[in-house]
Every structure is written in C-alpha cells, then in structure tokens.
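Take a look at the structure below.
All chains are identified by letter, namely A, B and C, in their written order; residue positions are counted from 1 within each chain.
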Amino acid sequence: MGKYIGIRLGHALVILAIVVVLVFIIARIIPGDAIMAAMAGSVDLHDPSVVERVRHQYGLDQSIPVQFVVWLAAFLRGDWGTSIGTGQKVLDMFVQRLPVTLELFLGANLWAIAIGIPAGILGAVKRNSAADVAVTAGAIIGVSIPAFWEAILLIYLFAVLLPIFPPSGYVPFSENPLLNLRAMVLPTFVLGTHAGGLIARYVRSSLLEVLGQDYVRTARAKGFSEAAVVARHALKPGMIPVVTVFGLFWGGLLAGAFLVEVVFAIPGLGRMSVDAIFQKDYAVMQAMLIVVSLNVLLVNLLVDILYGYLDPRVRVRG
Amino acid sequence: MTEVVHPTAVVAVSVASRNPALALLRAVARHRLAAFGLVIIAALIIIAIFAPVLAPYNPFQQDLYRVLAPPSRIHLLGTDNLGRDLLSRLIYGTRVSLFVGIVSSLVSAVIGVFVGLVAGFRGGMVDAIIMRITDAFLCFPPLIFILAMSAVLGPGLQNVMLSFALFGWTIFARLARGQVLQVRELPFIEAARSVGVPATRIMFRHILPNIMAPLLVAITITVGFAILLESGVSFLGLGVQPPTASWGKELRIGFTYLEAAPLFSIAPGVMISLAVISFNFVGDGLRDALDPRLRGANRVPR
Amino acid sequence: MAKGAGEALLCVRNLTVEFATEAGIVTAVDGVSFDLHAGEILALVGESGCGKSATALALLRLIADPPGRITGGEIRFRNQELLSADDATVRDIRGNRIAMIFQEPMTSLNPVYTIGRQLGEPLELHKNLDGDTLLAKCVALLESVNIPEPSRRLQSYPHQFSGGMRQRMMIAMGMSCDPDIVIADEPTTALDVTIQAQLLELLQAQVANHHAALLLITHNLGVVARYADRVNVMYAGRIVESTTADEIYRAPRHPYTIGLLRSVPRLDQPISEKLLPIEGQPPNPLELPSGCAFHPRCPFAIDKCRTTTPVLTRDAGGHAVACWVDVRG
C-alpha cells in the first residue's frame, strides 16, 4: 500500500509542476505586455521611458525562467498580487470568499449523493423496467441541460412565479441561518443535479456489471435472499468504481460553481473569477487557475488512494 | 486423462453478426433514446444547412418598434431587446453551435488520437511524460480553461474552438493510448512485429480500426460537450460576439429580461438542451451497442 | 468408491430450460429426467453446450432470468418439489442441504472480501454461527481441505490464493453445512492438469466423509471412469444414455457414447489402433436436427431417426438408452 501511495504521490508532484508551468504560460507569457498595460493602469504606454520603467517594476525585463522563479517564489510566500478590480490583495479576496463557495459545494454534494446513489441502485436492480429507463434518461438529461439554464428555469419557477426562494443574493450563515439556507437551496440543487446525474449513471452501470458476475451467483447459491445478495456482495464491489466518479466530476462542479454563482449573484470564488476574467485582472486569474487545478489534483489523488484502500487487487498492481 | 476432442458448440449464434454494420444499426435503433437523438440531430443539421431558407427573418434585422414582443403570428417566438426575430436568431444559432461542436470535437480527436497512439506505442519515458502532461491539462475544468483562454486570447468563436482543442485532445489521447495498450499485447501484434512489420504500419493497419468504435462514441459525446461549453462561454459573454446569434448568447440576453419576456429565457435553453441530449443519447446508444461486456450479461451457461 | 444403494434423494422429471437469445429461443435442457441416490456419485457427461451446466443450475433455481427460464418439469428433493416451492424454501436448501461448487474459482469468489468471510457465510446464514465459534469452524474447514496455516489464510483475499487453493476452499465451503447433495460443475476444468487429480481425490473423500451424494458435471471421460458410480450421457439437451460407470465402458449402447469412447485413447488399446473422431459438428442449438439430434453424425442411423425423437428406455438390467437402433444386433 505504501508503494502504491508513493507512486501516486510522485505522479501528482510531476503533474503539479507541469500545471504550474502551464498557468505561468497562460497567465503571463501569452498576455505578455498586456499584463503590464493592465497592471500599470492609466500609464502612458507610448512613452518608451515609461514603458521601460514599468517593465522593470514588474520584472518583465528579466528572462522568462527568472520571471518564472520570481513569480513562483512570490506565490509560495503568499504574495498573490493585488487585484486591479478591487484593489485588495488577491489572497485576502480568496480567503474572504472561500466559505461561501464551500457552502455551495457542500450542499451540492449532499444533493448529488442523496439523489444519485439511490437512483443508480434502483436502475441497476430493476434493469430495463420503466423505473430504469426513467433513471437513465433522467441522468443523461441532468448532465445535458446547461447548468445556467436550469438555474434560470428554477429561478423563474420558484422565485418569480412562486416566490418561495429568493432569486439571487446571499446572506452569510452567521448573520441569518434561515435566510442563508433558503437562498442556497436553488443554487445547491442546480449544482447537485449535474453531479447527481453522473453518479446515478456510474452507480447503475457499475452495479449492473457486478450483478452479472459469477460471485454474485455464488452468493445466491449459498442461500442469501436477493436483497442480501445485493447488499452483501454487490454493493461494495459495485460502489468502489463510483469513488472515482468523485474525481471526475469535481472539476465539473468547480466549473458549474462559476456559472451558478454568476446566475444567482452569490459572492463566491466563482463569481470573483468570472469578474476577473472580464476585467483582465491577471493576478486574480493566475491565482484562480492554480487554486482550481491544485484542488482537482488533490481530489484525484485522494480518490486514487481511497480506491487502493477499498479494492485490495489494486494495491498489488500499483 | 484426455478430454473429449470436439469443438465447442456455438451457442446463441446471432444472425446479424454476419453483417456487423447491420447489427450496429439495429442495436442503436432498438435503443429508443438513441433513435430519438438521431432524429433530433438530423433535424438540427437540416436546420443549420437550410437556415437562410427556413428562417422567416434576417437575424440581424432590427425592428425597434417591436422590442421584446411576445409571440405572435408575425414573430412566432417574439423578438429580442433590439427587435430581432428570436426564431430566426435561434435557427441561425444552430449553425454556430453545430459548427463549433463538430469542428472542436474533430480537431481534438485528430490531435488526441495521434498523441495517444504515440504514447501507447512508444511506451517508456515518452509515454510517461505524455501521460503526465495529459493529466496536467485535465486538472483544469474545461469551462474554466476556455474562460481563461478567452481572457488571454480575446473573445470570439475561433478562440473558443482553439481553446477547446487545446484541452479536448486529452480525452482522445487517453482513449487512443488505452486501446493501443490493450491491442499491443495481443499475440498477432507480437507476431507481426517479430516478422518485421514496421510500427507505423501496425498502428494504422491493426490498431486504428480497433479504435474506431470507441472513438466514434467519444466524438459524439464530445460534440455535445462542446456545444454545452460554447453556450456556457457565450452565456458569460465571452464567446460569440455581436451581432452573431448563438443560443448561449440569446440566453444571456433573455436572463436579463426574465420577468418581462420569459420565453426568451426558455427557448434558447430548449435548443441547447435538445442538441446536447441528442448527442449524449446517440453516444450512449453507440456505446451500449458496441460494448461487448454488456452483451455478456446475456451469457448462456453451457 | 461409495456404492449408491440408498433412497432416491433427488428425482428430476422432464426438466426443460430455455434461453432467449438474439436469434431465437434455445432449449438448453429438453425433458431431462434422472434420479440421484444417497451416497452415490452420478456423473453428467457431455461436450460443451449439451446442457449439463444448465441442468445443474436449474436444480437450485440459479438460472439467470432473463435470459433463461425453467419452462417445465419437476424436481423433487426429499419429497419437496423445488420448482413450485416459495423462495424461502429454496433459499433454505441452497448451500445447506444442496451445495454447489462452481467451475471458475477465481470469478466465483468476491474479490473485495476475505476468504474467511466468504467461507463462513453459509454457516452464518444456515447455522447461525458467529464470533469465535464461527472462526474456529472456518479454521477447521480449511484444515480439512489441506490448506496450510489456516488461521492466517482466513485473512487472505481470493487473488492471493492459487487456483487449486481457491477450489479447495470452495469445496470446504460447500461441505460446511453438511449437505445431502453436492453439485460440482466441472470443478477441475479451470485448473492445471497436475492438480486436477489431487482436487478430485479431495472432493471424493469429503463427499464420502459426509455421506453426501455427488452430482459431478464433466466432459472428461477419464474422471468419469475413475470416480463415478453411475453415468448420464447428454447430447443436445437430452440424456441419451444412462447406466453404471462399469457398463458405460464395457458395453456402451448409444452411438454417441460409442463414438466418444472410440475417440479417446485407452491404456488397454494397442497403439496401432486409430482414434476415431465423431464425424460432423455438434449441432447448432437454434437449428437442431429433426428427430434424433445425433442422426446426422450417426453411422447407425435409419429413417426413423430422422423423423422421430427417441425416448430414453431402461432395460431390465437398469441400462437406459435413447436410440431406435440396437447396436448390439
């Protein structure tokens, strides 16, 4: 098991290095002097001496590898730059908005699991029945409908037509828990249904494959009832591959959060990032890219390790 | 002790297996959802091709006297905030979505398959490096990647497609590599190599045909995904630029007028959803039809 | 070799099992009837596709539905009719009174649970054992099938066992509740030739110790010769010959059986004598020949064989054949 974790960790570190380089290329090299223009604000770029000064001020006259090291060092120190849009320190902005997005995520995951897993099990156990077709179709539809459209529809139905939930806005939990939860119902539901659809399909197909295995037949031959066969012998091997789904849809959840936060006007990390992209606020963008990709990387690493823990065969193969 | 020397009896010989194309078509057609998807996709393609004929109005024609009009006999779906006919804009939007979806998917496929074949076949360090790079790209959620690229490269359809291809290749690279790894160990490949058949020959003659089936499934689903992404990017304002019509963009405008003209927010979304669902249904149907494991669930014991 | 002289534990009458396939309905088991007596070893012999495994699975109602269905017949186990019995009764019998050992030990064991846990399940379920008693019993079970270091081995996972060890564990598991009948479906086919004999010896010893009857499914005539008391030969879903093991080798009566025996080398055969394979191919189960399914390949076939399906008829000596021709004449 140790060897297994070691290999995974090694991979993750290499990937992290590549990611960091990629972010640097995307957010620094490609925009090039545009950064300078953005960062310098209202500076006269036609004056060569000014250009020279600003370039030097932001270290853009150094060679690229040097810039990279400087940039990386600053990042690791916690100096993520200053936002053009808000004037705040980028790191502070992140810290401020993190709890909001975290709550959104938590809620979404709860919905996803609560809907997805039972639906998937139902579809597998009652294969090809009306319920199964409904589950399969529902899952595909859940994944196909654009998250932002689903959000708009739900807002129209439950906030405009029937004013049950607020159409937008956010109230911190510490201020007013009830209002907070009310405001979060629709956003978390929208995010959750997407992940839920994916989970349902994975659970169903995984369970179906398991149910066709010989060892399930052996379990029946021992005299277990059908329910016991599913619960004792099909669920565990069936759910193990589902763990990997979390790694898959995590990225999707992050992207979905962007859209949902914009539509529902929730002051989280997603909305901040979209604003930054519009304003060409490169400092925020860079930080966002690193945080996001690091997050995905970590989640996938954890999923891999968890998978190794659950499925004894994987540990041997590494 | 010796066994009875007789060939295995053939159980459940499928008549259709003599003609694989026919079997495929039958299986897909039987899959009701996939059939539905095929019909919709065909309809969308027709709409896209014959847009100038089908659209009642020029999508760019503004009628400032009839701004945000509700559905009527002259404007079946009403008009947008500049008096342009919504139906026509949606019809023309079909062109954008299908174009972006198909082109993005195909370009990603070409790049990805090539990379994947190389990685799978060369193995060793080359493979390891390519795989880590692939993993790195996969750390970026697609939408976020495209958004970032749009900020960096500028908005517009071409950049959306370019950005998509820049990360979309990873899906196909993984797929192709996986297939190569599977096929590479097969005895007949070993035999071919031992006789001296060059690697490229093996790749194209033997491995590529085996990939076709899952590749087709992947491309289909990727088209749906690309359409979804394009609409998302356009919704956020970074995709197509005015005055071009795109479903995502219409939705963006519609959202701002949600209470005044709800249809504006519903119709484009329906188009997007229909398109994506259809491609997903077809892709799913193809996958079910081509997956030998699922067919094994109907194994007959001897 | 234990002689089967006890009562008929199992009476199968006209068992019919069908499978729905893409190209049509296959009748895998077509009106099969036989008895199994206490303490005897009955072999069910035939090539792949003849329906022997389907017969075995049907006895415990383990036919996967869909695509399979038991469409007719009667299975009486100690006066309890099984096909019409309710689920609870059948479940009580499975693993408890009638145990089954499958062909593929690797896929027949759940990869994510330990050997110990799976081994103990029948005892847990049917004898309500748990805790230390269960543990002790499991250790004893592994010992009884000659698996070394049994206490440590209980913690292993199936993929850590060799094929032979897995199958021995399966035998132990099957015998754990002291069943009346053990059904072994090609127990050694998936194993190396070198351990096949070992395993069969073990199986036979276990069965004898527990005074159980054994229904042995196999396509290996050598195994039949050595271990079986009685033999049923199957072809295309039907039993074509049924008699004692001695009789089968001494005086086979069905042309198929004769053909089988001639195609297998024997120690008492001169080397110069040729092996004769049976002409033709096994039949396509979707398009079975009319009348007797074997007639296209039968050197003794007459007109009646083409039109009418022969019935299994038992003579005074207990030897049953399904053939219109008396090959002795």
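The rule we apply is simple: a contact is a pair of C-beta atoms (placed from the backbone, for glycine too) under 8 Å apart; a residue touches a chain by one contact, two chains touch by 3 or more.
None of these values were measured; they are calculated from a predicted model.
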Closest chain to global C-alpha mean, per-chain Cα centroids: B
Most distant chain from subunit B, judged by the mean position of its C-alpha atoms: C
Inter-chain centre distance, subunit A versus subunit B - centres from mean C-alpha coordinates, in Å: 22
Geometric centre distance via CA averages, subunit C-subunit A, whole Å: 54
Length of the line joining the C-alpha centres of subunit B and subunit C, rounded to whole Å: 50
Multi-chain contact sites of subunit C, meaning residues that touch two or more partners: 64
Subunit B residues counted as touching two or more neighbouring chains: none
Subunit B - residues contacting subunit A, complex: 33, 132-133, 135-144, 147-153, 224, 228, 231-232, 235-238, 248, 251, 254-255, 258-259, 262, 265-266, 268-269, 272-273, 276-277, 280-281, 284, 293-294, 296-297, 299
In the complex with subunit C, residue positions of subunit A that touch it: 213-215, 217-225, 233, 236-237, 240, 310-313, 316
Subunit C residues within the subunit A interface of the complex: 60, 62, 64, 87, 91-96, 99-100, 102, 104, 107-113, 121-122, 125-126, 157, 159, 173
Subunit A - residues contacting subunit B, complex: 11, 14-15, 18-19, 22, 26-27, 30-31, 133, 136-137, 140-141, 143-149, 152-153, 155-156, 160, 208-209, 212, 251-252, 254-255, 258-259, 262-263, 273-274, 277-278, 280, 285, 288-289, 292-294, 296-297, 300
